[in-house]
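For reference, chains read A, B, C and D in written order, and residue numbers begin at 1 within each chain.
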Amino acid sequence: MSFPLLTATAALPALGAVATAAVPAARRTAAKWLALLVSLATLALAVTVLVRFDPDGTRYQLTESHSWIKDFGVRYELGVDGIAVALIALTAVLIPFIILAGWHDADPLETGNRRWRPTQGFFALILAVEAMVIISFEATDVFLFYIFFEAMLIPMYFLIGGFGDRAHEHGEETAATQRSYAAVKFLLYNLVGGLLMLAAVIGLYVVAGNFSLQQIAEARASGSLHMATSTERWLFLGFFFAFAVKAPLWPLHTWLPNAMQESTAPVAVLITAVVDKVGTFAMLRFCLQLFPEASKWATPVILVLALISIVYGALLAVGQRDIKRLVAYASISHFGFIVMGIFAMTSQGQSGATLYMVNHGISTAALMLVAGFLISRRGSRLIADYGGVQKVAPVLAGTFLIGGLATLSLPGLAPFVSEFLVLVGTFTRYPVIGVIATFGIVLAALYVLVLYQRTMTGPVKPEVSAMPDLRVRELVVVAPLIVLLIFLGVYPKPVTDIVNPAVRQTMSDVHKTDPKPEVEAAK
Amino acid sequence: MNATHLAAYTTSTGEAFQFWVLGTIAVIGALCTVFMKKAVHSALCLAGTMIVLAIFYLANGAYFLGIVQVVVYTGAIMMLFLFVVMLVGVTAADSLKETIKGQRWLALLCGVGFGVLLFAGIGNASLKEFNGTGQANANGNVEGLASLIFTKYVFAFEITGALLITAAVGAMVLTHRERTERAKTQRELSEQRVREGKHLPPLPAPGVYARHNAVDIAGLLPDGTPSELTVNKTLRERGQIRDVSTEALNDLRALEQRAEERLERTAIQPETFKRPEEASK
Amino acid sequence: MNPVNYLYLAALLFTIGATGVLIRRNAIVLFMCVELMLNACNLAFVTFSRMHGNLDGQIIAFFTMVVAAAEVVVGLAIIVSLFRTRHSASVDDASLMKL
Amino acid sequence: MENLIAPLIAAPLLGAAVLLVGGRRLDRVGHWIGTLLSTASFVFGLILFADLLGKGAEHRTLTQHLWTWIPVGGFQADVTFRLDQLSMTFVLLITGVGSLIHLYSVGYMEHDERRRRFFGYLNLFLAAMLLLVLADNYLLLYVGWEGVGLASYLLIGFWQHKPSAATAAKKAFLVNRVGDMGLSIAIMLMFTTFGSFAFGPVLSHTGDASEGKLTAIGLMLLLAACGKSAQVPLQSWLGDAMEGPTPVSALIHAATMVTAGVYLIVRSGAVFNAAPDAQLAVTVVGAVTLLFGAIVGCAKDDIKKALAGSTMSQIGYMVLAAGLGPIGYVFAIMHLVTHGFFKAGLFLGAGSVMHGMNDEVDMRRYGGLRKYMPVTFITFGLGYLAIIGFPGLSGFFSKDKIIEAAFAKGGTEGWILGGAALLGAAITAFYMTRVMLMTFFGEERWRNQPTRSPGAPSAEPAAETHGEHAEPHPHESPKVMTIPMIVLAVGSVFGGAFFSIGDRFLHWLEPVTGHSEGDSPLSAAAVTGATMVCLVIGVAIAWAQYGRKPVPAVAPRGSLLTRAARRDLLQDDFNHVVLVRGGEHLTRSLVYVDHTLVDGVVNGTAAGFGGLSGRLRRLQNGFARSYAVSMFGGAALLVAATLLMRAV
């Protein structure tokens, strides 16, 4: 029995959360540093996982398995494949930046301290979320996964409902009400999804007799476990709905704009860049592996929904007047790409989708965090309140532009690679859908550039004339993200090498192979 | 001995007769309990019903219970009821008019339905033959009960004991009112009265010319009208004021007339005294 | 005559008592009705004990009485304090649980 | 030797990185760093050129593989460079003209406090453009393709505080994005067709693919070319792009970037050769655009916009030629190069004029400037002669060849295209003469009047700094600006002759593009003659209109066509009405739908539950007796249930 690396990776932030929460209220800064250190340590562990993981080895590695609830065959089973490793790394990388970016977001309000903002709580909750996300990436036991998939909601609920932007254009009271509305909406949406998933999980247990992903998948592959077509489809829908809410897929998306709009920028990043990834990841791992036939059966509908998400999200992003909402709708569009790539059932599509999850995490983090810095300076989220920032804060504007260019997936930056892979992967099997999806890149350019033009260019607005440029802390947050974006855009091979074998496995799970090009077919 | 014998096995025509007669009374009593306007009457009817039930107990061979029923229930509990009724007001009759919409109909519906169901249940139950409490009461009913209570049901018994204690304490807690502030001295009371500016001198005494001295008779004002003030508040609230002003004044008139005759004065046109309001008619 | 009639009588009394509880507003009368119901039960128990030829039924009836006594004590105390505060024994006046 | 290709790109890239990250401390030397590095890459280019010349015609292809970029299943994208005669030509053009314009900008941007960043962007552009022409596969080309788009976005919007500039930049990027969509779809098609998108496999297997696929690919590539090269219908951005500093207009929007479309078409020649329909589409687009641009060019009073129109039309010539297939590829590229010289020269001249005229851009406020800025006058004049195709100058050779090729296409198409080309030549002569006359001849309309009338278009922000004073004092520009102009003038004079004498250029490019002589219905001499006639006519009309009678300082209302042409033939209005307005309405209504419909359903459900519970709340009326009723009823039901159970 070797050192339980995966457990450690998940447990460390959990313990860190407890420790952070236990820091006395007076020692606020200590709590912050503690949280930051814990997250960095977690990053170190994640890197070890990355190193110890052998891309060409068995499918699930670093596995741990202990019996947990004997009567229901629930086991504490952990294991990572390439996709999970990539996403764990993403999470572990982003959290320190999130903590650093939110350094002052939870400080007690100086003026009119109506709501006490428990700083320790803020950072503890972030770490708790990290722990749960990581373990749900690692879990290979359906029940175990479900538990953390749901438990994640609790800290997220408090993060959304408890900590908003300190400056709000409508005043503190409305801010509080809108916040709670957003938080409750988030909770309800995801709970409903989780409820259906719970039903499906139980159904799966009834059918399969245990919760172990590997056993069930193998049994299905070997044919020893037969599922009636209708049963499989119902179970699939149960799982997929939950993940589609989390992802979020049109028309289950409306919780995301509210949540991201009302929460502080770091929390918004946490939602869209980290937590939502669990949804898409789970589609790839559970839906496709457990219910290959049903997945293929549902593919057309899902692809259309994804397509709608892409175009719809982009169009709505164009129509937004609130920076954060804009980013939220952009994310919806991007999640559309991810889902499309997953269900295109081609190696390019799925590798692209996985890559997309990583890149979208980084690019959104960059854009959203800079936007957060911007908002914190001016105290308003409305695009119309800005203008000419480029003149007074060139570095801020520059980073903002780079984040935006990444969002519109400019070649040379990471998102381009994934987006193009997804498009190609879809196009090879569904040309029409691929072509329509390509319109997304034009719309993306539209909303990003309109945002940049309205906020950064033009004559300098008097309100922003005194705006300070990025501070050191903020640069420390943004610069590495940008470096990552460029590096992964120029040399994504390290990630693809890890991801590709896992994708090959998944493809074989669903018994699909890439379509052959015409010329070779001719030969 | 043979009385128990008799009571135990057969149900003699005597018992049947007794059942039908007393049963009717019991039901009537129950109905009156429900439908009497005044709480006192309800209480009395209930007491009657209970006594009837006591007799039925005896008839069923439950001698101890029969006695207890009379002593405890009719003797103690109903007295308690009467006490409370007295506290709350004997004649405070509440109207039977229903305030909650549909309550009465629902109540009747449920009641009737429930009764029907019970009857149906009893009808279905197979209770044709029965064996009386003969050998159960062989060596005395009380002894039998005692042996059961102190062996088989001892715990229940103890617990009921505890329950009773708790109930007693609880009743005390509920009814006892802690006096939080110091009792007002007479001086303070008078000062308060002055401050509130209401009726400074002591209230006038009831009774008329000392010819009536019952507390429920209002004293008369010089013009002959009765003064409410003279009557005790509680009586006033219950509306139990005997108004004797008319008779009193008529007596007075007769007295004066006799005095006239005695002094041979030309009789003034004798007109019977009327109370002002009658005169005004 | 068959002692089952006692049971019918008990049922009848019980129903009457229950209906009384439902239609009377005066708390005291209400309690009397409850007593009536309890007595009806007692009658049933006694009858049962006679039918089965053992005393358990009577024991239960005995306990019932005790409980009834306790209940009356507490209930009446409540009524008294209620009357003290709101000068009325009508249960409808004590409807503060209404939203 | 091929290891020198990477440095070619790396040098300007390094420059961009250093200048943009370096920060303020580089402000005083930044421009020199930029110029130095671009020159360095020009030198590398020369070395490689010499090396190629040393080799046999068929060994003149160097490839350098750096690393595997995106390996996923059958999808293999490498970072590999390919240097052959075609890309070599572009490399020299880009780095050469680029370096000259760097030099020019040193003087031109002297008074701009953000000069360092300007040079950073210029270097970024060079790097991207070189990547574009050196890429060995379409995906890498796509990177360069969007890279130049980004650079052009940054440079057009360089004066971001001007809303007009910011808007123009956004517009340029968006329109280009539409083109890029075409390119990416083309790449996907290639991948599904050939299983690869590297030049080698794709261009060598065109024979095996179905013509339908090839036509689709061709049309998508054409769309891409239209976006980048400002061809109808995606040309609308070029005019506004003139908001950028003039050197940018010269380098990006005249000499190099806008010609990328031509490069793409010529590079993908094999595809087009196998897809005649696509080819036809290309020629049509080219012909339409060359007339469109020419007409627009006639009506503009803003000197830069007039030149932009001319650029459009000249690229139309190139695209037309490229669409003609092997007959025209070489001449397309040749015209591209010569155009690079003289159009850059013309723009720099225009810039120099504006520099001397307090950044006035309205030609109606110029006039008689020849004696104030002689060097500018001479260089500009030479460029003018070159572009109208004055015999002996570079434009003459390249354009003449294209017209011949157009006729050589044969059939009615040939006649139509040739006629369009001839007509275009005439109009070119007209508007260029117009520009020339309005700027350098006639009376000095800039005297006795403020430099800028409120409505007049303003290009340079410097005007705001020393804007509103009485009248400009035209003066010659400093050496650092005139030298590049002179060099380019020399190029535009002798370039054509140098290339065409003995068909040097033809032999140089033939191995890559292939070449075939079409059978022209007209003899070369006849075509040349016709061209000359058109030329004379055009010049004559212009002289009659602007030479003899004085030019009104305020533009006359003009004919319907003129007014339409002033507004880019209503293209923008069309876009505005159809795309912008429509898009706004669409998004607005969608936002509404999202809020009321999608969200409304959810909130509605919530409200429904709320109402229901509100109703149920009524049951709790607080009367103990009614609770008792329900309790009693419940008991009754239970008894009933038990009885039924027993009965059953």
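Things to note:
Following the convention adopted for this analysis, a contact is a pair of C-beta atoms (placed from the backbone, for glycine too) under 8 Å apart; a residue touches a chain by one contact, two chains touch by 3 or more.
The shown structure was predicted, so the numbers you read here are calculated from the model rather than taken from an experiment.
Separation of chain A from chain C in touch steps, taking the shortest path, is 2. Contact count check for C-D and A-D (C-beta pairs in contact): higher for A-D. Averaging Cα coordinates per chain places chain A and chain B 77 Å apart. Separation between the centroids of chain C and chain D, computed from CA atoms only, is 97 Å. Averaged Cα coordinates give chain A a centre that lies 37 Å from the centre of chain D. Spacing of chain B relative to chain D, judged by their CA centroids, is 107 angstrom. Residues of chain B in contact with two or more other chains: 100, 103, 106-107, 110-111, 114, 118. Residue positions of chain A with contacts to 2 or more other chains are absent.
Across the assembly, chain C contributes 18, 22-23, 25, 92 as residues in contact with two or more other chains. By the definition of touch given earlier, these chain pairs are in contact: A-D, B-C, B-D, C-D. The residues of chain C lying in touch with chain B in their complex are 1-9, 11-20, 22-26, 28-29, 31-33, 35-36, 39, 42-43, 46-47, 49-56, 58-59, 61-63, 65-74, 76-81, 83-84, 89-90, 92.
Residues of chain D touching chain B in their complex: 621, 623, 625-626, 629, 632-633, 635-636, 639-640, 643, 646-647. Residues of chain B touching chain D in their complex: 100, 103, 106-107, 110-111, 113-114, 117-118, 120-121, 124.
Only residues 20, 67-75, 79, 139, 142-143, 145-147, 150, 153, 157, 160-163, 165-167, 169-170, 173-174, 177-178, 180-181, 184-185, 187-189, 191-196, 205, 208-210, 213, 583, 586-588, 590-591, 594, 598-599, 602, 606 of chain D touch chain A when the two sit together in their complex. Residues 18, 21-23, 25, 91-92, 94-99 of chain C are the ones touching chain D in the complex.
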